[in-house]
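Please go over the structures that come below.
Below are two complexes that have chain A in common, paired first with chain B and then with chain C.
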Partner chain A sequence: MSNIIQVLILGLALGGVFSLMGAGLSLVFGVMRIVNLAHPSLIIAGAYIAYWPFKLWGVDPLVMLPVATVIMAAIGVLLYKLVFEREAKSAKYSEMTVLLTFAVAMIVEGALGGMFTNTQRVTSPSYATEAIFIGDIFIPTGQLYAGIISIAIISALALFLKYSRFGNAIRATTQNRDAAQLLGVNVNLVGVVSFAIGIGLAGAAGVLVSFVFAFFPAKHWEWIAILMSLVVLGGMGSILGTVLAAFMLSVVAAFVGAYIGATWSTMTFFLALFIILLVRPQGLFGEKPELA
Partner chain B sequence: MKNLLVAATAAMSLMASTAYADNLKIGASLPLTGGFSIAGEKHQLGYQLCVDMINERGGILGRQVDLIISDNRSDTATAINQYERFINVDGVEAVFGTFSSRLSFPVANILAKNGFVHPLPAGGALRIYTQGHKNIFYFQPNVAEYVGATLKGIIEDLIPEGEAPSTVAVVAADDFFANAVEAGLLGLEVTDPADGSLVADLAPGFLISTGIEVVYTEKWPEEGFNDWLNLANSIKRSGAELIVGLTASAEEAVQLTRALKTVGATPKLVYLSQGTQSEYLEGTGDAAEGVLVHTSWHKDVNFQSVLSGEAFSNSDFVAAYQAANGDVPDEDSAIPFAVCQGIEQAIIGAGSTDNAAMGEWLTARTKDAPVQTVLGRFHWDERGLPINKPYIMTQWNGGELQFVYPTDEFEGASKMTYPKGKF
Partner chain C sequence: MTTMAIQNSTEVLAARKEHNEKIAAHTDKARATWFPWLLLGLFVALPLLQFTGNYNYVIHMILFTACYAVMASGWNILGGFTGYISLGHNVFFAVGAYFAGMIYARMGISTIILAPIAGLLAAALGFVIGKITLKVRGPSFIISSLALVMIARILFDNWEFVGGAAGVALPSTDLPVQWAKLPYYYAFVFMAAFTVWVSYKVKHSKFGMGLRAIASDEIKAESAGIDTRLYKALAFALSAFFVGMAGAVWGEYLTYIRPNIYLIILVSVNMVLMCILGGKGTVAGPVIGAIMIVAFNEFFVATLGASELNILASGLVMALALIFFPLGIVGTLAKHNRLPRFLNWD
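Entry: the complex of A and B
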């Protein structure tokens, strides 16, 4: 019984990290219909922002959380202006963003490799490898902190989206871009800000990732499929859905890993993606696509 | 005057291109990005340092060496294409091998088809050497299936009777190299993936023959695995006194070690197949203490070798590497350096870059007339595997990677810390 509880805890802990990693991806798709394949590479960029101050001066990665968020949000604005804005009115915008963000991912990976080499990095604050032991059960503090901070950030984002005027504009744009524009919403500004928030979330997630996983520039290829499975299961564009999917799949993967085999735990994410696309393509919280 | 300038420029260009054309081109496809990039970058440094030093000393047979390195992104198909391109487009006269068994296995067929000598810096899976190729030469002590002999030797020779671990957990990446080490440890059959035929039956395996009971085995996928704490929890709950972690990369070694520390595992002994790199220590800190890692090379084992026909010791290599790169090398740079030394000696020995003649010269090496490298002396059996070369077992102690075994082969072996205890 204690092992079941333990595996559940480990699954939830992993889910907390994945939820923030996926939240920005979901927001950017929801508002702007950008399938951002570069999202994990930007998470890794955020991880480097935490890594170097830790390596050089021993700065706790969590101190760098707001810094990384702001820097990556600024990069998000630049990226949007340079890459996406001019294509925003294209009839095949979403399809084009797949190729564009693929290219961005390659560029980010190359730039990070050029600047920081391709060697692995990880930050090692003491809590990253400590745990709180309660009898037989342990709670890893690194993942606990990462999970709590993830939920706090996502909750703040949810409150902002629900109760602020600009948040309402974002939600309106998510639901119907044309209608929002007709009602006076500056959808271009909403687009820029949403993209910046999404990439800022990638920066924040990167800081948390920096002490949970070892990372290197090419690591993002391992994460994109997992994150896409969370976003699709949750419903493309639904942040709540992405968070729930992150916890659900991480817990299921943990049990699969513990009781069937570690080889199959990663497969859980892809199997879920496959099944959800067959059974409920709009995901748990997504809207059913209209028939032409 | 204008015509004179044009003529001079043309003449200089012609001279430059003639000189360039006379250079000896050597190609190497390396994983500079992707999953194997950590080792790939270090291989590049090793190859480049060796070529630079050879060129400073006048080149090979009086010809400067042009090293062409391409990034294969840790991708098998790309590695194959790049070696094809080296041979058929770039016109290289020799090649250096790539990193990892996964990439080396198919590359071996391409180089054999084209009659090129294939010196492997990394590619320890036995299956690579049982395909019948005659042009292949491995520049590490032995295939991965037999690495376990060193672990067995440590347990039998260095641990007092009655104090040895009695149970073991073996966890491994589902990777060419890690599977090969696992097969040797657990006594599995190695089969040819093409036709399923038996390559080797390794029963009973080094662990069982040591009298250790296997209480837990697990495999994780080659890429995309994140659930390290769950794996470490299962290892801890198995109660194993010896933990064997067969990771395919240094990154996995870091993840596994950190996870074992987090869950509070307290084994007597831990052996990993990767983790000699400084990045491993940086990522694990105190948790690395007492961890054993096998290696082909160590900075304190002062092998005597030859470079450009002159005596060149392992210490010379360490000093040259530090001067060039500002860092102490690890085996991922030393092994490719040795490959480069081997090819240089083969070209000089054969008197040309005729790969058939180079292959014959390498095949003819003996114990008394070996290839001499910073990894020691090499001569090979008919499969291309080194004869009588033991692996070196190292252990992290006090933040330093010390070599602890074998104790009678080289001078300067440190005392092994045992038991390890908590991470």
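Entry: the complex of A and C
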């Protein structure tokens, strides 16, 4: 029994991190209809922003969280202006953006690999190696902190989207871009800002990732499919859906890892992605099959 | 009254036929089908150079380009003609390589003989996978093809029979160095010629027209009576056939098969990139793309060395090509009526 609870807790802790990793992806798709395959590579870029100050001067990764968010958001604006703005009028827009973001992912991976090599890195602040024991059950504090911070950031994002004026404009654009524009929403500004928020979230997620997983530039290929499975299961564009999907799949993956074998744990995400796309492409909370 | 109507309609049909033939004759004249034949002739005669010295490097480069041309032309049947971008075609490359490679390792049958069978196996697998995944289109299809690579990678990494992640070493040929590359060279040159020929034939068949109709508007194509589900699955199978065949011989040429050679994303990216650079949906495009990618690779490996910078360069080339030349070289030139005659193979 305690074994089952243990696996459940590890799965939930992982789910917290994955939900922040997926949230930015979901936001960008919702507003811009961009399937951003470069998202995981930008998460790794964020992880390096936390890694070097820790390695060189022993700066706590969590201190770097706002810094990484701001830097990555700025990179997001740059990417949007350079790459995606001119593609908005292309006929095969969403398909085109998949290929373009794929190219961006390769550029980011190549640049990071060229600068920092493909060595596995991890930041190890004291809390990342400790654990809290409750009876037989242990909770790794690193993952616990990461999960709590993820949920806090996502809640803040949800409140912003729900109650602020600009958040309403973002949600209106997600629902219907043309109607929002007719009602006086500056959809271009909404596009840039939500893209920046999305990539900023990638930066924040990267900082958390830096002490939860070992990372290296080529690692993002694995995460692409994992994050896609969360976003697709949750319904593309639904942030709440992404969070729920992250918890569900992480728990399932934790059980698969514990009872069948560690190599098959990531397989859960890939198979789930494959099956969901074919059986219910709109996901759990998607309203209509956007992509089918 | 009725006879007149009939007479009129036969006249109309005759006039239309005449008109069509005129157009066809015009395009026939514009097309340079002699050029690929000339190239083939040159490449068949080229190994004669070996009598005068060691040109193994030249042989290797042409062999490499031909292999890429087979893969790109194969990919083009699904990605170019039908408009379904697959980032998972290296799975068929791996399936072909593993099937032929394992038989070669155990029974010593040359993969060149096994290549068509490996191709058929890849095609059968492609047909089944196509039947499943081609239900979704656009970005969903691209993502599902990525998931396919991930699944295949884990399966091959953990399949003990084929050596798991370490792979299998294949026996190398005992021919003298000077002639060692030639069997593979001819295999790839003829495969490339065959692929280009099939791709030309497909483009001009009723099947190919159906595929192009699907690419431009699938719903209209379906209402025009095209069995889109079957056509798409057949296109998937045909493109998997060529990729699988190339994989089979490539394994023996490299003398080892290992998941991290075949099932890395760079292999499938190269297929997409060659078609985009050369021109998706054209016959000559993938071949020109293959030449360009091999040249780029040689240049970057020679000047930059590290594979990470190679990835960076591939990504940059891909992004620039997508933004500025989405139609590729052949497509862009044809659009401005500047396509040189010898590149017009369609």
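To be clear about the criterion, the second predicted complex is superposed on the first by the 289 of 292 C-alpha atoms of A that agree within 3 Å, B and C clash if a C-alpha of one lies under 4 Å from a C-alpha of the other, contacts with A are read in each partner's own complex, and residues count from 1 in each chain.
In the analysis below, contacts are C-beta pairs under 8 Å (C-beta built on N, C-alpha and C of every residue); 3 or more make two chains touch, one makes a residue touch a chain.
What you see is a predicted model, and the numbers here were worked out from it, not measured in a lab.
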So if we stack both complexes on chain A, do chain B and chain C clash, or do they fit? clash
Now for A:113: first (chain B), second (chain C), both, or neither, which partner does it touch? both
Quick one: is A:6 in contact with chain B, with chain C, with both, or with neither? Answer first, second, both or neither. first
Which of the two partners, first being chain B and second being chain C, lies in contact with A:225: first, second, both, or neither? both
Answer with first, second, both or neither: which of chain B and chain C does A:133 touch in the superposed model? first
So, does A:214 touch the first partner chain B, the second partner chain C, both, or neither? first
I'd like to know which partner A:263 touches here: chain B for first, chain C for second, both or neither. both
Stretches 41-49, 131-139, 167-175 or 275-283 of chain C: which one clashes with chain B? 167-175
In chain A, both chain B and chain C touch residues 109-110, 113, 117-118, 217, 221-222, 225, 263, 266-267
Chain C-facing residues of chain A, complex: 35, 37, 83, 86-87, 90, 92, 94-100, 102-111, 113-114, 117-118, 217, 221-222, 224-225, 228-229, 232, 263-264, 266-267, 270-271, 273-274, 277-278, 281, 291-292
Which residues of chain B touch chain A in the complex? 32-35, 37-38, 40-41, 73-74, 171, 174, 218-221, 223-227, 229-231, 233-234, 237, 249-251, 254-255, 258, 261-264, 279, 282-285, 287, 423
Chain A partner contacts - residues on chain C that touch it in the complex: 85, 87, 132-133, 135-140, 142-144, 146-148, 150-151, 154, 157-158, 265, 269, 272, 276, 306, 308-316, 318-319, 322-323, 326
Given the complex with chain B, which residues does chain A contribute to the contact? 3, 6-7, 10-11, 13-14, 109-110, 113, 117-122, 124, 128-131, 133, 138, 140, 142-143, 213-214, 216-218, 221-223, 225-226, 253-254, 257-258, 261-263, 265-267
